[in-house]
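Scrolling down, you'll hit the structures one after another.
Paired with chain B in one complex and with chain C in the other, chain A is shared by the two complexes that follow.
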Partner chain A sequence: MRFRAKMVDVGCLNNFTRVVNTISKLTKTCTLRLTTDNLFFMLSDKVANGGVSMWCELSQQGNFFDEFQLEGVSAEANEIYLELQPENLSRALRTAQNAKSLKIKLTKKHCPCLTLAAELPSLSSVSRVVTHDIPVDVIPRRLWQDFKEPIVPDFDVSIYLPPLKTMKNVVDRMKNLSQHLVLEANLNGEMNLKIETDLVSVSTHFKDLGNPSWGDDGSQGPSRDRAPEVMAHTRVDIKKLQQFLAGQQVNPSKAMCNIVNKRMVHFILLHEDVSLQYFIPAVA
Partner chain B sequence: MDCMVTGGNVKVLAKAVHSLSRIGEEMYLEPQEDGLTLRTVNSSRSAYACFLFSPLFFQKYAPCRNPVFRCKMTVKSVQAVFRSLSSLEKTVERCHIELNREKCRLTFTLHCKHGLLKTHNLSFQDSESLQAVFDTDSCANVLRAQPRLLVDTVLHFPPSLEEVSVSVSAERVWFRSHVEEGADQSRAMLTELCLSAQEFEHFAVSHPTHITFCLKEMRGLLMFAEASGLPVSLYFDEPGRPVVLSLTDSVLEVSFVLATLSEESPPLNHSNSSAERKPNPPPPDDFLNDDIDSYLIAMETSELAGGSDCPPPPPPPPPCDPGVSRHRPREGEEEEGEQEEEEEEGEETETGRPPNKKFRSLLFGSVLPTSSQAANQTLRNQEVLASDSEEEEEEEEDPASP
Partner chain C sequence: MPLSTQSEAGDDQYILVASLDNVRNLSNILKAITLNDHALFNATPNGLKVTVEDSKCLQANAFIQADIFQEFTIREDSVGFLVNLTVLLDCLTIFGGSTVPGVTTALRMCYNGYGYPLTLFLEEGGVVTVCKINTQEPEEPIDFDFCSTNVTNKVILQSESLREAFSELDMTSEVLQITMSPSQPYFRLSTFGNSGNAHYDYPKDSDMMELFQCTKTQTNRYKMSLLKPSTKALALSSKVSVRTDNRGFLSLQYLVRNDDGQICFVEYYCCPDEEVEVE
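Then we have the complex of A and B:
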């Protein structure tokens, strides 16, 4: 099992750092899956912890790495699964911000580590080198099946999101009033964020958001014969939603939300070579 | 005492107080003939800091001659006087420090713009003289660098990290996170930074060494150093002897004395640092060498039959004798005996355990003078003995030897 990658371009380093920062805001531990073409950050939380799950995919060809060498556990399973704390990775990348080059490699130290070595500018002709050894757990192959890409659910309504900053501002305020939030949307491009307590009901309305067309694939089925003005709604833990909105450092070119009535909300953010999916289950 | 600080020096004084607050709870203030000293020591007595402002630092400087005055107060109360550094810079023109003997108060008066006066009357306690004795001239290794270099270095380490290890060879310095052997050691991220000797203004390493000390206090000093722009000198010797960080200017002397870990419990992350003092830390060619095969690792992947060819992890190095490199500093003061004995007992009970964190106390002689007449004498006697350990005592008192 070998893995080694190198970044030289500052832009790539910044992009990668932003993605990792976003991930580290969403979860304390996650699984990093390395394949020859892609990098994945994955999380499937236990129901007890709120049951959120995350799937973030970085396309390796997408100019993240100048060099990328990988040998998986075997020829037919040419992949590596690691469990790590994204916070460590984020911190290590932060100190490498003005690096001339950054190497990431899998190493065997006191324990398996993902080692980041950054070559930093210095006052002399010799570069400063900073290395961070991030402990990882190598996930054995028999457990890989636990990490399958989540299937896009049979949603009732799919809608483009308003600017995430705006949404965050609204949700931040609502969080002070209630623990739960109802997110509802229809096929007329309207979305509402609502909270209801004994003392107060607050609702924020967004309109003209647009509904993405999902082509002819089956998952769109239910929404076809839906009356456009009928709302699909889901009640979610407001903290989970806020965490998702607060962590966003990548400004996505497309942000969408699929609602499965009374069951879950599925967010999809797309930006160049990165896609992030985030699932928040409904609460009763 | 009666002294006046003006202009930019007010900020220097303020920074010094903030820097001291990173270390100890109490600030010892002592106006001497050669200047005003502000000192502190941390609660475990493993770190000591001293700022000496020469009379030229002040516009007016008049120490109390008769009787000699020295006091201590909580550093927080002094910090409150200089709370906001930014507004201090904009508004404060002068700072007047005066002793009011009748009321037993030390008065700090800030003369601000528009004739505004801010007066702080601080209560104080009489105190012993606090002084660490250390000899930077005898230190085998001396490094001096612009503060920026060291500030940039410590920036790479997480704020939660308590201790850092420094290894020096003839051409390089390595800074590494020091993680206690313990439960969550395997979960901690380890950071290592290598600097070339060329980045230092002065780099004199007479024997390669590996020392470990607290990062927090060093950060405190660097905060001051960065603001003042003065180069920082590091003086150190073997593990267990204190490391001295100092700054010098024509009107200012700053010394931080930090205890270092006395045993070399080899950090597990670096395979080639062995129990004995290893002169050559690993060269950074791990990075420079690009051959992918050197990164080959064989790890357990349960389902894979071929995956089991990996060698078992090397056994952890045996813990070294806790008594190996202990230095027992000489005691300067009889009255201190009791306190010292207690400390020793504490250590003795510990010797059965694996050698974990053992910062040597820097052993500050500290006795409250019964009356201020004795002051001059106590000054002579109650020196803090930091590095002056004696060989025979070491052997005699070494609780680890059977």
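Then we have the complex of A and C:
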């Protein structure tokens, strides 16, 4: 098993840092899957984390890394699965902010480590290198099947999200007032956020958001027979939603949300070579 | 959608309707009186008065005159109800209370009468939020019987100068002692904290002193914990009037200029802590 990669472009480094920061806000531990084409940060739905799951894909293809060498566990399974704490990675990247180059490699020290070596600008001819060793757990191949790409669920309504900043402000206030929130949307491009407690009921109405088309024929796949004004709704833990909105640094070019009536909400953020999916299950 | 159709269709049933183009003109002034959750609203054709009390010793009032609102319709002589102030403020700032120029949240506030919720319609950038805040039966606020004819001493200061003093006050002191006198030291703030006593004196001819009307030397102590919330009002205000009456009751009146340059008032009444011998 071998992995080494190098990043020189500041833009790429910033992009990568933002993705890692976003992930570190969403979860304490996650799985990093390395393939020859892509990097994946994954969090599968465990009851312990409230059933939330995440799938973040960075397409590699020379966009993030200038050098990328990978030798997986075997020729036919040319991949590596690592478990790590994204916060560690995020902290290491903080020192690499102005780095001239960043090398990432899988090393064996006292334990398996992901070693980040950032070459910082220096006034003298002697180079300054900051090295971080981030402990990782190598996930054996027999457990790989636990980390399958989530299937886009058979949603009832798919809708583009309003500006995430606006949504974050609203959800932040609602979190002060309630523990749960009902997210509902229809095929008319309307989305509502609602809370209701003994003291107050609040509903925020977004309109003209647009509904993405998913099917090949431009229709909405499974939901094509749906009356456009009928709302699909899901009640979620407001903290999970707030965490997602607060931590997100990806500045997506496209942000959308799929609602499976009374079962889950599926968020998708797309930005150039990054896609982030986040699943929040319904609460009763 | 709800802003234009829903609310106008039902306007007849409301006994109170108040609209603001910029919700900050209300939310900021309410923030200045957040002593606790129970806010008593009292609307009259003159405007809106919001009262919050603490420990039966402190009362904060915010006055928002009717002409601050773009629309202020009231169908009765007086409308009163109690709402949770924290909840109300969260609702008013649902869009984040942005301070970016040009981005304002519009508000339409409606009340249907006894037993009905206070309904807020907020709109920013085409997004509409409807809040229904449950109301409670109004309680009679404490009458501090603070009458201008009984005022013995009065000064009006630029808030700036008092802000500086308040930010440097020794908060380990349990009380703030205010001395007002026609002779030296004129206007003095004193604290008695862990690290010693401190006095803050204002000469009566200071530029910061707009008015000085002291007839009798008076020294009173007020609980620091009670006065602390008033710093929120101080921070917003441009002028402050400090008055004490013959019983030693303190009245602080803050003149607050809102985003549109209009004037509102916030008033604090505070009971003296204990009798202090006149020196």
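To be clear about the criterion, the second predicted complex is superposed on the first by the 274 of 284 C-alpha atoms of A that agree within 3 Å, B and C clash if a C-alpha of one lies under 4 Å from a C-alpha of the other, contacts with A are read in each partner's own complex, and residues count from 1 in each chain.
Criterion: contacts are C-beta pairs under 8 Å (C-beta built on N, C-alpha and C of every residue); 3 or more make two chains touch, one makes a residue touch a chain.
As the structure is a prediction and not an experimental result, all values here were calculated from the model.
In the superposed model, A:Gln179 makes contact with neither chain B nor chain C. In the superposed pair of complexes, A:Val130 makes contact with chain B only, with no contact to chain C.
In the overlay built on the shared chain, the residue A:Asn88 is in contact with chain B alone; chain C does not reach it. Residue contacts after overlaying the shared chain place A:Ser203 against chain C, while chain B stays out of touching range.
In the superposition on chain A, A:Asn78 makes contact with neither chain B nor chain C. In the superposed three-chain model, the partner touching more residues of chain A is B, compared with the other of chain B and chain C. Contacts from chain C toward chain A in the complex involve residues 1-2, 84, 86-87, 90-91, 93-96, 98, 117, 124-134. Here chain B touches chain A in the complex through residues 149, 155-156, 158, 185-196, 198-199, 268-269, 271, 284, 286-287, 292, 295-304, 306-307, 313, going by the rule given at the top. Those residues of chain A lying in contact with chain B across their complex are 1-2, 4, 69, 73-74, 85, 88, 91-92, 95, 103, 105-113, 117, 119, 122-126, 128-135, 138, 140-142. Every residue of chain A that touches chain C in the complex is listed here, in rising order: 162, 165-166, 169-170, 172-174, 176-177, 198-208.
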